[in-house]
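You will see subunit A twice below: alongside subunit B first, and alongside subunit C after that.
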Partner chain A sequence: MRLYARLIVSLIYKIGIEDWRAEILSSLGAVYYGGLSMKRAMFALALASALLSGTAGAKTLRYANQGDLKSLDPYTLNETTTNAHINNVYEGLVRRDRELKIVPALAERWENPEPTRWRFYLRKGVKFHNGEEFTADDVLFSADRIRQQGSNHTTRIPKDAKFVKVDDYTVDVILGTPNPILLNQWEYWMIVSKKWSEANGSAAPTPPNAQTPSYISLNANGTGPFKIESHQPGVKTVFKPNAAWWDKPSHNLDDVVFTPISSDATRVAALLSGEVDIIEPVPIQDIQRVNSAANTQVLSGPELRTIYLGMDQTRDELLESNVKGKNPFKDKRVREAFYKAIDIETIKTRVMRGLSTPSALMIAPELFVFSKDFVRPKFDPDGAKKLLAEAGYPDGFEVGFDCPNDRYVNDGPICQAIIGMLARVGIKVNGLIQPKAQYFAKVLKPNGFKTSFYLLGWTPNTLDSHNVLYDIIGCRDDEKSARGETNLGGYCNKQVDALADQVLGESDQAKRNQLIKQAFQLAVDDYAYIPLHQQALAWGVSKSLKLTQRADNAVVLNWIVKD
Partner chain B sequence: MAQEKTSGQANTVQESLWSRFRNHDLTYQFLRSPITVVAAVICLVLILSAICAPWLATMNPFDPKQVLLMDANIPPVWIEGGDPRFVFGTDDQGRDLYSAILYGLRVSLAIGAGGVALAAAIGITLGLMAGYFGGRTDAIIMRIADVQLTFPAILIALLVNGIVQALAKGSSRETWAFGVLILSIGLSFWVQYARTIRGSTMIEKNKDYIHAAKLVGQPTVLIMLRHLLPNVIGPTLVILTINMGLAIITEATLSFLGVGLPPTQPSLGTLISIGNKYLFSGDWWIVTFPGVTLAIFVLSINLIGDWLRDALNPRLQ
Partner chain C sequence: MLAFILRRLMQSVLVLVVVVLLAFTMFRFVGDPVNQIVSLDTPAEQVAEVRKSLGLDDPVPVQIMRYLYHVVQFDFGISYQFRQPVVDLLAERAPATLELALMSSLISLLVGIPMGVYTALRRDGFFARLFQSISLIGVSLPTFLIGILLIYLFAVTLGWLPSFGRGQVVTVYGRWTTGFLTVSGLKALILPSITLGLYQMTLIMRLVRSEMLEVLRADHIKFARARGLTTHSIHFRHALKSTLVPVITIAGLQLGSIIAFAVITETVFQWPGMGALFLKAVQNVDIPIMAAYLMIISALFVSINMIVDLLYAFVDPRLRTTIKN
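Here is the complex of A and B:
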């Protein structure tokens, strides 16, 4: 009987019921195969939690996020929360400081003697968590690994860049074209150990839709300030400080327990009751409540992330639609109609409770000086209907819609609101609103961009427009190039690509901004995307914590001090 | 006997039926228990209003065209900021809660009834087979039942749901959630029926009328359906009623956990789950009204079930 229970529980994990549901199940399962009565289990649970909270000496940071940390492989999923988590364990050659400036990390210093040649001097005496020495071989191996198929980070290093080992602690990088913002892309290019990865069958990156977890997706061996003590996807992850870290730690923690709590109310309740010390995000409807409590507060600020809608513009027939034989999104008028059907101000006042900035661009105004020159087309449902009729869809059509529900602030309700707004211009939208693990596995490149219409958010982690023009707006028709890696709808305009390439090589800031503006203008005129807004970031923290909130929404454990 | 009845006048048959109903033990006991009467009335009202939801509701909450986001999170009408269009207020998408509850009740009821019917169908069939054939058939069916009894129903329901979710990868939840909920409730509740039916079948099958039917040469299926079934089905009536309440709660639990009906087609459980998000922000009405409706409904069903169990138990009289 116990075997049965265990089987069912493991099956449930396999099929991907997420986070707290799985927790409920596994505890139910535990009750069964532990042969305990429910009452006894409850008692044990109460006792355990009493013991946990009783250990006042050890400084444990308990951190809850709405989403899960699924894979520990640093190349599986290019998503801020995941990157930020893993960055506590693995490090890149460079890192960002509290003001988001690029500073040395595993590379002690670097030179750029010619526009296409960089030389990196690696830090000596750095050790991976398993005791291995960090050398140039690991850099070469990681550069190769991150560009392989299955990696979600292929745009971080140009495909044609060559890495040459000069000696054990010096690496030369030879580029095909000059790239002044190369280092901006490398914060989340995290270095993995060659020996360890190869020894554990993880030489190739783990794709996000992998059916069985690889060794490296469940175990970690980085050089960073924290080690992974245990990792149960969907349940919890325990971090321990790395005593042998090369830098001086700024934190004073003894361990960190990360738990995903997707339910808004449960997450807030956990913070208010002191069960966790920090939550991300605070649901906007509860900001006041958290601020008015005696022991908690909300740290908030504008986030650099743009939330937007994308449409499949490459397939000849949409995967999920009742329109057969053609793709309505290939018609610009349809895209324009969708744009005009969305009442962004109502989403702002009702769903976001005023805490969002409607955006006309695919980049936050903080990151591009000419943002103010762009304005959204007016909300105009009648105009939208007319456009649809002109395009040949007077009665609208049906389309599938992919949407995460534990990734962005109020993403589920935003998607529901959009379904309603499009219904009023005659579009029947079939929403598939699901946890981000399943969502990303479905829509990203390794699964073949299986989506017709989707909601996504993007922060260019170079904090520069080129990243948006290359990763999101760039054509993805060239198999050999990584361009357009997260261009899920496949919008393509060669003029934009040409401008993006000029942007990359241009070092005169004024000229560069003009080029960026031109490129964005082309995409805006094509209605390539429907930008929605920049969300506000909001962390709920216990007043016993001192920490730094970075505008890219990364929770950096090294900067957390607990009283 | 049958001949006598058909030869009599239609009028007297009706009269005697009515008087049989009035003078029946159950009617007498029913009228003597005021709580049960109240519960029955509430049940009836709720069921009727669920059935008539399209005419009673002010809007169709399943139709995104009728839901206006501008109307989101409006409090009930008697509180400041309330809107006379929305008596019980609105949820986070601007759905009128009164209408959403009526439609939600409808979904909960349909899934509950469907689930229980499926469970009864599976359970009664397997129970009859196990009891009648005995031997290996009995052993196999009952061991499966035993194994299943060791899991809580909700776990089985979650499992079924999860498997379908994995299989239906990519298709919208709205298209299959309804059927899957009925299936998962049906598959998790059949054991009780099977056990009850098997027990009574084993007693009945050794009685003379069954032997007689066998001797006459009636086919087995006919014996089971015509002779056995009517004589063993009585006790399942109680299980049926109590299970109805359980099934509705199970559906609500699944929807609350997010594996039931999607927020675009809210059942009572989905509404409670939506409201739960706003508990801390003071929008108490989103969770309260659907919750109270669910509690009252299930309580009434259970009261009727309890009464029925006592009333049908000769030892308690």
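Here is the complex of A and C:
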């Protein structure tokens, strides 16, 4: 052993190579942190774009996404990429159209005769991919299944909602409390076949601690426009059109090959070289490159997610600050000063390269009609300094800042810009910018909200304001209630809570919007949060495609037409 | 001899246990796996339930013991992300990694050895200097940069080779997928195996060169010259042969690191191998995959080292007597 070890050492020494382990470690690090700037250098190196486009013929759509399609079980994971993918195969009672409006799908129509009773008339003649007829039993089964342990979509249906089969094609839903936005998250409550699931040992969603592999996570049997031909988790998934679909297809595809490509540079290269037809997302710094190529372009539009800053307003002393004995963020003037110190236009032009929509509200303008009535306070560093002085911090103070660097578009650079902007008004911000796995582990509820100042993004999964008022802006003082669970800073205004409760029960849309507006106004006046912007969607697509980009970032295969 | 092998086996088991201990200590710092399983708006009680069901609220030593208990029964658990047995996921991806590693080793040997010989024989020639400079690039440029450079040149600009994936693969012997049997599979192998093998290639080239230079000064070569043998015969029959012993050792040992450090190359080329799976698992805090991968790689290193040790004992009579005593 010793002899051979000495031999190796002497050999490595002889050929004069320094510690190769160090080289490997440093390149590992560089993949994580230096990837972006390196890539820019690569573009300068890339010569003229003599692009070879892929083969035509059978209409094959080749699609690459940053994220994996991890499980085919529609109840296992609740995240945009997975939901959107699976929705091509499984369908809900309702679906969203190109403008995100709720329209009938497996339910032909529905009525709400009493506030707590809904009746759904199911579409007749719909068949699952294996030929089974779709009936009320499948709806009842799916309603139970999605609320069982192991499901990550339990919040899509109220716990106390009872599903009653009236006949094979009519289902009544009895609610404990009125809920005018019951249907809002049902597009991703996807109906699975009762018979098929039970026959294949998948009657319950696979819990994370399962000891046996789950059949439904590798196989699919939906009613949707596409079937799964083959699925290798994290490697490749092939979709084929479902000839027996109940609706008229809008696509003209013969098959769809989906590959996850996690490396940004490789994903862009695959699009430019014509090996794939559509990629999501295009990194901001590559947008020009994709647009200037002959055969590709970037489709962009505002996304529904709102990126914002939050401040700890509950602790009597901040966890990470040099101010002792009191919490500066409890003073509204300090929060206002932070807000005014941030130059959102510079973030938009420099960090986001124009691909963001500055926001005055905690919800995207597409999702709330009165958004236009709210405007951001002007960028005013001098005013911010004055406010800080009035609050007793003429020389500013120090505060810790938590920020993810792989969760939102350019999240790390946004945080760096914010640190610089706050420095100009005298606030020394100690940024802790880290990967999302560590970031979320630190700041979320299970760890006790250990943050003083943070950046987060939020899309209400109901696409409705109540979710924001309840989850983000609602008080989190009641241990038993789920209100305010993602209110990491603990802002609390009982009036907002009261309004949110009224919003939940109000079915008159006009009145409801007024209530929402009042609630948002209270939070805005309190400087509860500092909304930054809605980031932009950026899909890189081959010019041979015609498709619809929906603001929730779902790639709907049925809307893709290939020349 | 048997005692020696047994002793080495015991040591190997010890190494594996230490790897598990280290890995589990590290997992504390990777992040919270539960956050990756649930979504941001999952009710807190449900989050706590998931945590409990996975045993993540137990103290670390308990978690380690439980893991070891399962591992000795060859049960590596179920991936948090895919809800599939880790063994299946890794087995499905092993062919991709092994084929890539094999191809890279071949390239590094087939190109590295001739280049090394050439640079040793024509020390001051133009090409020798050129090869030397190229080898410097191989040693100093990080793998991901070489990979991206090759992609932009051969996939985007020239359009000759694919930028990602394995191309068309064929399933042979039931489970093994191979890219060797199709044109697109072979084309897809070229860039990643060059990227992965470049470092080994330069290593071997430099090794062959320095060994060769040394051997050429040795007595038996001088004697061969004195006998009037042809230069060709001296260089390739006598000098190269005695050069190759350390080269084979290094190449064998490096095979382990090629497989282990394919992580970066696989990620850049979206190569569906074990390394890419591991990196994704790190990002998603998928502990069962991370732990199993680390175990496999350390088992690989341990067994390669053991084989090399045994071979040495076999080849070198002096060592054999030491072992006996």
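The definition used in the following text is that the second predicted complex is superposed on the first by the 289 of 563 C-alpha atoms of A that agree within 3 Å, B and C clash if a C-alpha of one lies under 4 Å from a C-alpha of the other, contacts with A are read in each partner's own complex, and residues count from 1 in each chain.
By definition in this document, a residue touches a chain if its C-beta (ideal position, glycine included) is under 8 Å from a C-beta of that chain, and two chains touch if they have at least 3 such contacts.
These figures come from a predicted structure and were not determined experimentally.
In the superposed model, A:73 makes contact with subunit C only, not with subunit B. Contacts of A:346 after superposition: subunit B is touched, whereas subunit C is not reached.
Once chain A of one complex is fitted onto chain A of the other, the partner contacts of A:486 are limited to subunit C, with no touch recorded for subunit B. Residue contacts after overlaying the shared chain place A:149 against subunit C, while subunit B stays out of touching range. Of the two partner chains placed by the overlay, only subunit B lies in contact with A:412; subunit C stays clear of it. In the superposition on chain A, A:263 contacts both subunit B and subunit C.
Comparing subunit B with subunit C, more residues of subunit A are touched by C.
Overlaid on A, the two complexes show subunit B and subunit C touching the same residues of subunit A, namely 1, 4, 8, 11, 15-17, 24, 28, 263, 265, 269, 272, 438. Residues 63-65, 67-70, 72-73, 92-94, 147, 150-152, 155, 158-159, 162-163, 165-166, 169-175, 257-259, 262-264, 276-283 of subunit B touch subunit A in their complex.
Subunit C contributes residues 29-32, 34-44, 46-51, 53-55, 78, 80-85, 88-89, 92-93, 139-140, 142-145, 148-149, 151-153, 155-159, 162-165, 199, 203, 206-207, 209-210, 246, 249-250, 253, 261, 263-264, 267-270, 272, 276-277, 279-280, 283-285, 308-309, 312, 316, 319 to its touches with subunit A in the complex. Within the complex, the subunit A residues that touch subunit C are 1, 3-4, 7-8, 11, 14-17, 20, 23-24, 26-28, 30-31, 35, 38-39, 42, 45-52, 64, 68, 70-71, 73, 76-79, 149, 152, 154-155, 206-214, 217-218, 232-236, 259-263, 265-267, 269-270, 272-275, 406, 435-441, 444-447, 458, 461, 467, 471, 482, 485-486. Those residues of subunit A that touch subunit B in the shared complex are 1, 4-5, 8, 11-12, 15-17, 21, 24-25, 28-29, 32, 263-265, 268-269, 272, 283, 285-286, 288-289, 320, 343, 346-347, 350-351, 400, 412-413, 416-417, 419-424, 429-434, 438, 442, 450.
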